[in-house]
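Note that chain A is present in both complexes that follow, paired respectively with chain B and with chain C.
Our next item is the complex of A and B:
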């Protein structure tokens, strides 16, 4: 962001507020474009993965080549759909619920470092910010469920609220473990540390445990299977967005895929090195002596590496959906409070002790 | 620094705008022919009996209460983790952190023993009283 403002000020001669607004426009435009394209791709990918796991073909007709245009066709169709607002609903809350749900996840994107220095806001409280902004979503979901004035919506919303809220505790505990080793809340500091030392997941067994706890609880936080009981089709129709149609429904969908991306990107950044490649020091690539690449080229490589890791975790989330059956509500609570929270605390305490004695599989 | 949190506000507003713009644009070409049956809450074709904004299960409140307590405690561990990571040689800091985590953990054990973590509450404790 600061770099972009600098570019606008020096290259184009814009001043103060104008440079700031130009930089914001570029950031907002690129992020909106990225989220839209990503969500369409992810929905197509999900349908393809689901189909191939069940020995089907999935969408094949739209756009000739393996149905690549299916999501675009769906989006256009949703735009032309009638906007049904139930007569007994609380209109205002019904209207703003999708916006509340979406803007939390959208703001979460700004701290993800896609490459060295390539993040919209370089917050020094990055992880803390992510945890807090992700919980806004729950408020929107409760608003949607309550305002719909439908029994399925209400049950879906309170189930989701209970689930997301209880899995926030293991998520936060697991996120504390890398902080304890690296000593920073800035997400880019984790990348730099891992470029110098190696992936954090191989730091100690407790770090692996924390990574596992985080992955499971982020699945629950994104309401992905096997934790998709807030929108369990066979019992709750589709949970809190039963009454939503057309574009409003599509924003709930977009939010789900966007939060999958954020969770996977955080997993890739904190435990699997982010945009760094193992055993490679990318900062030397710009030297004329080694490869002599331009900054833009190195940045693009960083983006590709991070996206590859992120899409791997998104693929794992889709894979799990077709592997594990849905949990019951009491099993969800048991897993959260009786397994993940204690194991998260164990990982935290053991990492603190390892840190004190300087143990670990590689020096810290 | 302040610029960064500036960005958070800008992006929250943009998020709201991104949702509202297609809604307003869609008004131009989406149909609007509603009738009484269509605007009823969906209940698998049955006529809904009563409203849906009813009192719901007590256990959700218990879950929310447990969450608030633990979340507040974990927020308090965050600064400790940051400071301890920079001064790992300080034994006292380690002990202080461990004591705090132990207290939180005892809270969890207490909830567990009271049966508040069980979704289907067991009547084990009550039976014990009855002998």
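Our next item is the complex of A and C:
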């Protein structure tokens, strides 16, 4: 971001505010473009993963090659659909709810380091920002459920509120564990630390436990199966977005896939080295002596590495979704409070002890 | 509406939440058709339930009094449309009893074959949709893969995929050959392997057991009092199977098979898991019956010659009445027909198993959570075409 402002100020001769707004527009535009393209790909991927698990082929016709254009066709169809707002709904809330939901996740993207220095906002409190901004989504879902004036939507919204708020405790606890070891809230610090020392997941068994707790909690946070209670289609028809259709519905859909990306990217960054490759010092690649790659090339490799790791976790989320039955409301709460929260705290305390005595599977 | 008064929240205590009236259905993903259940909800907990049926009423019994005996056979297909062969059989046996004739030996074995194949297909739907009710979508597709093979097999001999009109008074519509029986045997071998796959993906899944064990417990007394039959009754621990106890076809006397009953493996006797597991084990019994039937099938005619002649003119049984019951995948299907010597019965009545099994729903639901309610409806395995007729 700062770099971009610098570019606009110096090379294009724009002044203060203008450079700032130009940089903002570029960032937001590229991020929106990225999320849209990613969501389309992820939806196509989800359909393919589901299909191949269920002994069928999934979309095969649209776009000739394995239905690659299916998501684009769906998006166009959703765009052109009639905009239906139920007559008994609270129209203002119904109208802004999808936007609120999407904004929360969208804001989460700005702190994700895609590669060395490729980050829209390099916040000192990056993880803290992520946790807090992700909670905004709940407000949007509750608004949607309430404004729809449908009992099923209301059930979905209440479930979402209970579930997401509960699972923020184990999420935050689990996130504290890598923070404890690295000693920073800045997301890029984790990449640099892991580039020097190795993946954090192999730090100690407690780190693995923390990673597991975070992954399970992030499933619940993303409303993915087996925690898809807010939209449990066999019980609540479609949960909080029962009354939504067309473009508004697609925003909820976009939000789901975007939050999957954020959760997976955080998982990849904090526990699995982010954009770094194990045992490889990428900063030397720009030297003419080794590979002599340009900065752009190294950055691109970083992006590819991070995306590969992220998509692995997205795949695992899809895999679980098409394998497991759904939990019941009270079982979700039991799992959260009776298992994940204690596990998270155990991991936190034990890691603190390990850190104090300098134990662990590699020096820290 | 009595049920709604029975369970009310204690409003004398100082803390209570307002109850919500939730309308589950008739268009709802997991009511298995057009069932409507009126629920009184205290948060996520169901305090009272009242099922409302009749959305699929097609006057099937009245139609029976206005068409000839033979013309009614295709209408029985459309009652329990997932087990058409079994419905055909029950109606054919009723008419045969009215005519006081017996189907030829070979046709009885063919009947057993197709009926058991259809039973597997019907239980596969129960298995697959039960997975969907609990949020596991994948088993459904596995079940449909095998069901597709059964439909292809039955299409080869009857010409139809779902509504066969194959078993008719006096025998069956077409004869079967050895090639077809080999295909059935190959399917049975394949199916037994797939059955283990089902158990790996759904039956023994920890979440699945947690969701179904100790949910919707139907006691033995209650099951008998409400006239529940089929897997729902057997899951409650009553070893009652018409095929074994009152063999209505000769082959059932000669074939060895077990009648699975609920054992309360993971929870209480008569819970959702038991009902599910009884169906699963019945499928294995079906393949065993089919193998034995194919090994023992005698030569002969598939249709009574006398009947074939009679088919040219409408059947006119002597005045009298007949009541025949059969073990359908969902329980006992019985037809009652009264003849006054005319071309059609003057009274035609079907005792539908789904209807009786559904009657316990209002008693099972109160006290469970909304998600459990869906699990209970799914475990009763109702077909609304049969409930409403």
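The rule is simple: the second predicted complex is superposed on the first by the 364 of 364 C-alpha atoms of A that agree within 3 Å, B and C clash if a C-alpha of one lies under 4 Å from a C-alpha of the other, contacts with A are read in each partner's own complex, and residues count from 1 in each chain.
The working rule: a residue touches a chain if its C-beta (ideal position, glycine included) is under 8 Å from a C-beta of that chain, and two chains touch if they have at least 3 such contacts.
What you are looking at is a predicted structure, and each value in this text was computed from that prediction instead of being measured.
Engineer: Taking the superposition on A as described, I'd like to know which of chain B and chain C A:273 touches: first, second, both or neither.
Structural biologist: neither
Engineer: Which partner chains sit in contact with A:140 here, chain B, chain C, both or neither? Use first/second/both/neither.
Structural biologist: neither
Engineer: For A:113, is the partner it touches chain B (first), chain C (second), both, or none of the two (neither)?
Structural biologist: In the superposition, A:113 touches no partner, neither chain B nor chain C.
Engineer: Please indicate which partner A:355 is in contact with in the superposed arrangement: first for chain B, second for chain C, both, or neither.
Structural biologist: First partner only, chain B.
Engineer: Could you tell me if A:124 is touching chain B, chain C, both of them or neither one (first, second, both, neither)?
Structural biologist: After superposing on A, A:124 lies in contact with chain B but is clear of chain C.
Engineer: Check whether A:345 is in contact with chain B, with chain C, with both or with neither, and answer first, second, both or neither.
Structural biologist: Once the two structures are laid over each other on A, A:345 reaches chain B alone.
Engineer: Would you check which partner chain A:228 touches, where first means chain B only, second means chain C only, and both and neither mean what they say?
Structural biologist: Only chain C; A:228 stays clear of chain B.
Engineer: Between chain B and chain C, which makes contact with more of the residues in chain A?
Structural biologist: B
Engineer: So in the superposed three-chain picture, is A:151 touching just chain B, just chain C, both, or none of them (first/second/both/neither)?
Structural biologist: A:151 contacts both chain B and chain C.
Engineer: Which holds for A:239: it touches chain B only (first), chain C only (second), both, or neither?
Structural biologist: neither
Engineer: Which chain A residues come up in both lists, the one for chain B and the one for chain C?
Structural biologist: The answer is residues 151, 155, 237, 329-330 of chain A.
Engineer: Under the stated contact criterion, what part of chain A meets chain B in this complex?
Structural biologist: 1-2, 24, 27-28, 31-32, 79-89, 98-99, 102-107, 109-110, 120-124, 128-129, 133, 146, 148-155, 158, 161-162, 165-166, 168-169, 172-173, 176, 179-185, 237, 242-243, 246-248, 251, 329-330, 333-334, 337-338, 341-342, 345, 348-349, 352-353, 355-356, 358
Engineer: Under the touch definition given earlier, write down the residues of chain A that touch chain C in their complex.
Structural biologist: Where chain A meets chain C, its residues are 50, 53-56, 151, 155, 225-226, 228-229, 232-237, 322-331.
Engineer: Quick one: in the complex, what on chain C touches chain A?
Structural biologist: Answer in residue numbers: 20, 22-23, 28-30, 44, 131-138, 140-142, 145, 201-202, 205, 207-208, 210-211, 369-372, 374.
Engineer: For a test of understanding, state which residues of chain B touch chain A in their complex under the given definition.
Structural biologist: 1, 3-5, 7-8, 10-16, 18-20, 22-23, 25-26, 29-34, 36, 38-44, 48, 51-54, 56-57, 59-60, 63-64, 66-67, 70-71, 74-75, 77-78, 81-82, 84-86, 88-89, 91, 94, 97-98, 101, 104-105, 108, 111-112, 117-120
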